[in-house]
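In what follows, subunit A forms one complex with subunit B and a second complex with subunit C.
Moving on to the complex of A and B:
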């Protein structure tokens, strides 16, 4: 019975090998053709060579979206966030999270065509702070602040089921493979750099870089440049094997949420009950967010302290050097020099901060999700035997093998 | 248990079969779409041999109604095919989306039913691996930082702020030292020449010019000279003193030409090459736009040329390269066509691009001598084809630009936005002019709008002096002499308005295709048709034809007037009209 129970309940991601070629073909075609095909609609057909006497009809402009609809968007966001929190912290339901993801993908993704979105709102806020002529729409402010406030108190519930970009990637994930920790750490810098670049571009009035390079939006709009369709297709193909590659290695808003979540009041826990250290939760997490118990015998304290102190001293030096390099880069690219200084300093802070964070000692006795990396997807809830017993999904009494 | 296992296995097989069917369905839809795309990209309707043959036949006998009917029929067929393809693409996209969703669902279900539950062993010894992992991660972060620094350094070293050394451009003669800004010619000299698209202020009006009233190439009447142009282009000629400048280009090369205004002899031609950052492959542009649509500009010391691949060149009057740079290949579905402007030693470049307001459109002022950016302002507009004008209005030097959806005026000194009016729709090609103290701009095929240029902020509701919705052009720009405004439609309808109130004075249908903007020399309005016919009309409140001209070429560029001469650029030749 235990075997069957495991088989049915263990949502282990994996399929037989003969799916690989089919998956690959479909993925490639899906990425390159699905939206490429519809992108042709962007082509224009020159007006015909009319002779005299014909008056071209006036250009018809569709009516603007009703103003109250922006408040509807805001309310839907707040409602979705509240539901996500309920599913993560109260009902602890993976099924609920999946259903909400599908709704968010349909509403914020395909219906709202990826705009307004929290990821791009960072730029609106940056522009509004630096340009007094720019008026920040209330909805954009809500999209910027609400997920951050939720993250400040309860982690990345927005990423769990409200963000359409995340939802799309989550749904295509079929057979996750583990990304080595060193690679994850190195690639994890990119979102912070992208965030810095996006903010500087917006603040200096040079355009919304983050929106221009959002690889998921072409899917929502059935249209986009070949570059972005290709990029989006590549992300989805990779996303079938690497959990949420855009969220982990590019999303600038995710970088912001990561920073905020460090100070989160409530954090996702695999189970409130005793951890049996079975490691099933770590195995089930496709995002490499589960951290194992730390060893009792660790590195000698003096050497760890020396390294940490050295890196802390290195931090301002790195910031200064990068700021100087950023200013040169800005000059070479005809960009605002001040923007180069700020971006460089930010890049130095990110790199130095990451090195420092990797040198900080942690004490864990159980398996715990890393709150900044955890997307609160609830997969680990489903796999933890203690949690399943606590929720009454498997019997509390010992299970015996069938004879 | 066996029964459960069997059921589970059956269910898994069912999902696997579903996944296969969905996958094959996706592949079939994909293959159809790819085939259709391949067919569509190789069959450009505008290059259809049948259509080209019919057009050639029509050129030979322009009055043949049968050929016209055939062309119209073919045109309709192509359009229907085009929209059918778009509809099929959209349907295919939805089918793929549905197929992919089913495929993913089936695959996931099949995977979930797989009978291999995990039993990851917990190895306490492996926990010590955490320290090694952290060390490796630190090295990886450091490696990434080094890579980031190396990339940044490469960018810094590879993007020179100034033009490359002359030695890097082998065939180019050495440039003279750049002239200082205060070395610029006086304003009167600037106004006496034809230094940019449609004259000194971009209105196409030259008050002191007096071009001939008649010319005929066949009879060699008043045709002073005709010179071949090596490469095609739709830009209009510049005239400064005894030099006439034009540019030409195709996918392979881009060139600037300087002709002697006296006898039409080609004085020099300069290939614009080795431009730092220039894309290896020229962007795809419509044949009707080409690579050299933007008209050059000159400040009297250097000439500036911009091409559809973003190459921007400054040359001395002797053809030496002063500086070169690439602005990035403009993303423009027809091809970049906005002309350059100059003001007090600054080169003004309006680079609108993309399909929406977040497309890196910008207005930049370069120092003409060095090519350094003096100021740059982002523009939240999509691609446009109208050219900016620099005018003195309301006590300020204003750069007035037009692009969907706004006419925007900038302070020429620092690029600060002065005012804007949201009055434009569609593809904005006609350029604004200043006439009678009003900015006149055509909202293509819809309205001619006159704006008072003395406002600030959004003036849409407050500064529209008048509008007129009769015979509005979609491509050509209006011209005005301070009292009257003239404009012509692509179908050949010339209309005259009073600039004070926009009331129509008269209209006249020439009944032929006209793509060149009209111009005014003295009190004569010059209208040049695509087929080489020209009409000279009195710039007055009543229609009066003063003369006609005829050349044997195709004309899309606007005329240039200097003194008693008229310069016209045809498809294959440059023409100078003047009294012999």
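Moving on to the complex of A and C:
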């Protein structure tokens, strides 16, 4: 009130007598407004009739990104996927994969600023399935489905050279060290749990967890919260020595692709014809994805079968226990109890599934990549002596496979 | 089984399981696609602030993922009163009604005050300077017509999946609007 009366005295100074009635009007009006603020809130100062021929300037409304550009994004994704498949399966070129990675990093990373991305699209799909009012953008659907379908037939070509998050980590990798198999297996559970949490959070309308904790996006945007920049920096520093830490130990979409790739029709083959069992490919793989030939004399079949049966029986028990634990945890942290049950059951399934997968027998006569762990980066092609011979990099000599 | 077995390759258990899993996964993806086809649309949406819900809390200035927020103040000239004493431009109890910095409400002096005719002044937002702090919006809405309000500027907004300002918005004012009508420009004065 003090403020307004002061304003009126200010207005009185230096205003010509001609405007006295107007001033009076305004004063009365102002008092009126303050008394009946709700009833007359919309008529405080009527827009003036200008006498000097003044024209109202337009309110600037800069246009958003053109709508057709989303089709460009989709086409670029499909084109990049096709190129990645070509580089992995046809030309078998590490150089091509690197070049495509740099392009993907530039386009999907720095130009599109990490949005729209396949990793986050999982949440949009979950939300669209659970909330009928949410409209799923077509681009997001393409970004969700295309890499998944490619993985179903030909492995993780998306991870190899199309995903900007993966490309950034792949490019900073300078001196890879081996992660022990037990640690790799244990940490490999985290992406599945993150996927479950992300989907449940999105489906229940509690926000997009996966986008919020994406450590690479601060680099794409050159800005971000202190926590995320620190986390991103940590991932990149670790990524100089441990190959693709985010992809292997956190990426929820990678977890989905990993599951789907188990059934892949075409798999990455290191050697073009005969494997000399030199193990060079195993040393060249920075992601620990190369598997050794299985020993001829392994565990007797009956005991292996018993263990597998036991683990399969344990699975529902583990799911039930974890679901119960999850529901208690959800209650304690004020989340929906149902979400806790679902997340717990998922965690039980993941842990039980991991244990089962570890005890499944494999018959390998050659070194070959585990297709769900393989990012199809094509590094091993460069080191395989048979492949180098095929390319004419080393002279052709008969190589005898040790029988 | 979907595909007849290749005569060269004998079908063993592993390949059979693999093929069955692939068929199952394809069926799953197909079902998902069928379910999503209804919920999906080519018409994109973008984030925007509903001015009628905005509480002018000032979080737009700091919560955006961009270093300089994508939210800026916008002036709807059509509902402006062109007041000499603009309560969006001048801070509480200004020494004089002139453009001196100490009189201004805006922390970055982003509002340009120009004389039109007695006693009317035009107020224009310099978007390069505006940080979206909503101080002027609050002043204009409290005592004026509410012609100053916040909007997401789409030349800056990266249209995040989840808007980080929307997450902390006190009035839940962030809405998704169709991309061909990306602004909610005020046409009638609303004040509080």
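As a working rule, the second predicted complex is superposed on the first by the 334 of 403 C-alpha atoms of A that agree within 3 Å, B and C clash if a C-alpha of one lies under 4 Å from a C-alpha of the other, contacts with A are read in each partner's own complex, and residues count from 1 in each chain.
Just so it is clear, contacts are C-beta pairs under 8 Å (C-beta built on N, C-alpha and C of every residue); 3 or more make two chains touch, one makes a residue touch a chain.
Because the structure is predicted, anything quoted here is derived from the model rather than measured.
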First (subunit B), second (subunit C), both or neither touched by A:310: neither
Touching partner for A:295 - first (subunit B), second (subunit C), both, neither: first
First, second, both or neither for A:65, with subunit B first and subunit C second: second
Subunit B versus subunit C as contact partner of A:186, first or second or both or neither: first
First, second, both or neither for A:132, with subunit B first and subunit C second: second
Touched partner set for A:79, first subunit B, second subunit C, both or neither: neither
Subunit B versus subunit C as contact partner of A:222, first or second or both or neither: both
First, second, both or neither for A:320, with subunit B first and subunit C second: neither
Touched partner set for A:359, first subunit B, second subunit C, both or neither: first
When both partners are placed on the shared chain, which of subunit B and subunit C touches more of subunit A: B
On subunit A, positions contacted by subunit B and by subunit C: 3-4, 6-7, 10-11, 15-16, 19, 41-48, 50-52, 54, 56, 58-59, 61, 207-208, 211-212, 222
Complex contacts: residues of subunit C adjacent to subunit A: 18-19, 21-22, 24-26, 29, 32-33, 35-36, 39-46, 65-67, 74-85, 87, 92-94, 96-97, 116-120, 122, 124, 127, 143-145, 153-155, 157-162, 164, 167, 176, 179-180, 182-183, 185, 188-192
Complex contacts: residues of subunit A adjacent to subunit C: 2-4, 6-7, 10-11, 15-16, 19, 41-48, 50-52, 54, 56-65, 67, 70, 113, 115-116, 120, 123-125, 128-129, 132, 134-139, 141, 145, 148-149, 152-153, 207-208, 211-212, 217, 221-224, 260, 262-265
Complex contact set, residues of subunit B against subunit A: 1, 4-5, 8, 16, 19-20, 23, 26-27, 30, 33-34, 36-37, 40, 46, 72, 75, 79, 82, 85-86, 89-90, 92-93, 96-97, 100, 103-104, 107-108, 110-118, 120-122, 124, 127-128, 130-131, 133-134, 136-145, 148-149, 152-153, 155-156, 159-161, 286, 288, 331, 333-334, 355, 358-360, 373, 376-378, 425-427, 444-446, 474, 490-493, 509, 511, 513
Subunit B partner contacts - residues on subunit A that touch it in the complex: 1, 3-4, 6-8, 10-16, 19, 22-23, 25-26, 29-30, 33-38, 40-56, 58-59, 61, 171-172, 174-175, 180-187, 189, 193, 205-208, 211-212, 222, 225, 277-280, 282-284, 292-295, 297-299, 322, 325-326, 328-329, 331-334, 347, 351, 354-355, 358-359, 402
